[in-house]
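Residue numbering begins at 1 within each chain, and the chains themselves are lettered A, B, C and D in the order written.
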Amino acid sequence: MQKETIERIRRFTEDRDWDQFHSPANLAKSIVIEAAELLECFQWSDTDFDIQQVKEELADVIVYVQDMLDKLGLDADEIVNMKMDQNEAKYPVEKAKGRSDKYNKL
Amino acid sequence: MQKETIERIRRFTEDRDWDQFHSPANLAKSIVIEAAELLECFQWSDTDFDIQQVKEELADVIVYVQDMLDKLGLDADEIVNMKMDQNEAKYPVEKAKGRSDKYNKL
Amino acid sequence: MQKETIERIRRFTEDRDWDQFHSPANLAKSIVIEAAELLECFQWSDTDFDIQQVKEELADVIVYVQDMLDKLGLDADEIVNMKMDQNEAKYPVEKAKGRSDKYNKL
Amino acid sequence: MQKETIERIRRFTEDRDWDQFHSPANLAKSIVIEAAELLECFQWSDTDFDIQQVKEELADVIVYVQDMLDKLGLDADEIVNMKMDQNEAKYPVEKAKGRSDKYNKL
């Protein structure tokens, strides 16, 4: 996201004095809750979904993810690159290509 | 995230020919599944958590969120700003300050 | 479930002195975490799943649900019948038959 | 649950012709979605929750769990006892007593 969008998310919390509620545990709950609302868009059909609803719920997930990064002083690029190192090692192209199996079943 | 990190996520999927598994519904499931693994870091304690584990699970959430943005051709800044417009309207500072109530209870 | 199975679940917790960890909030987290592991059985395919894995994860959900009923002194029959009263009112047969729409869209 | 309550759940689905939507995958999604609504009762506080809301959401989880048992022809007592065998082996009293650690960290 652009710096301005991130700043907007931070200001929203700050202006409402909501940092007090943003413990890492509460933010983890919030991410799951919003992720489940996103899943609800696909509850009874994989293909017939309301894209506007999807956008709103996905945005909610992103906002709480940003709140958690901020709360813990984490950098998205750093942790994602660290995790991608692991993923690339666990799922070598020659083994994983075209297969959805978990790494321990490859 | 920086363009390179996003490109790395895309290449990872592309190299493994995994786009075929990335239906929006499957990605929504994946986001919830990873979000719940993040929550597992806080299952029995809100304060005594393994920060390395948190980083890895949070990164997994971010990766699947990026996959979903890509799959649906969405822009994170656009949908987050659209949602923040709604959030700011639903939670006016003067009403919401210092309160964790849901907007329909303010 | 039969009384013996419920008693076995209770004894398991008691013998391990785990009641101290079973706050309603922690049990709610636990139910989501296990429910997401159940969903993982269907992450990439709706039809090709490991039934043994499904049984184990579904059992985990049931165990934590029982723990929560016990913790809050609730009776499954009572709360389910209370909720079914609501569901039957919200989804009248003549409106809901053969439709997966949410009650507010019927 | 009593036989009548289980029958009521089955009749509810049958009367509405909803079995067509109850694929195992859709029911797994539904269990997570309701479990996350249960968690929402504890989103910002572990102790200050609305018990009526908790009852309703917990009941929703139970109903979908029953739907899944029915769909897959499973018996709650059987799968729970099978899982409790595993749990008792993974968490021996002498090791697990008073500790919330996962079995692989005991």
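Rule of thumb we're sticking to: a residue touches a chain if its C-beta (ideal position, glycine included) is under 8 Å from a C-beta of that chain, and two chains touch if they have at least 3 such contacts.
Everything numeric here is computed off the predicted structure, so don't read it as measured data.
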Pair from B-D, C-D or A-D with over half of its contact pairs in common with A-C: B-D
Pair sharing more residue contacts (C-beta pairs) when B-C is set against A-B: A-B
Length of the line joining the C-alpha centres of chain B and chain C, rounded to whole Å: 25
Gap in Å, rounded to a whole number, between the CA centres of chain B and chain A: 2
Two or more partner chains touched - positions in chain B: 21, 26, 29, 32, 35-36, 39, 42-44, 46, 100
Residue ranges of chain D touching chain C (in the complex, touch as defined): 1-2, 5, 8-9, 12, 15-18, 20-21, 23-26, 28-29, 31-32, 35-36, 38-39, 41-42, 46-47, 49, 51, 54-56, 58-63, 65, 68-69, 72, 74, 76-77, 79-84, 86-88, 91, 93, 96-98, 100
Residue numbers on chain A that touch chain D, as the complex places them: 21, 26, 29-30, 32-33, 35-37, 39-40, 42-44
Residues of chain C that touch chain A when the two form their complex: 29, 32, 36, 43-46, 100
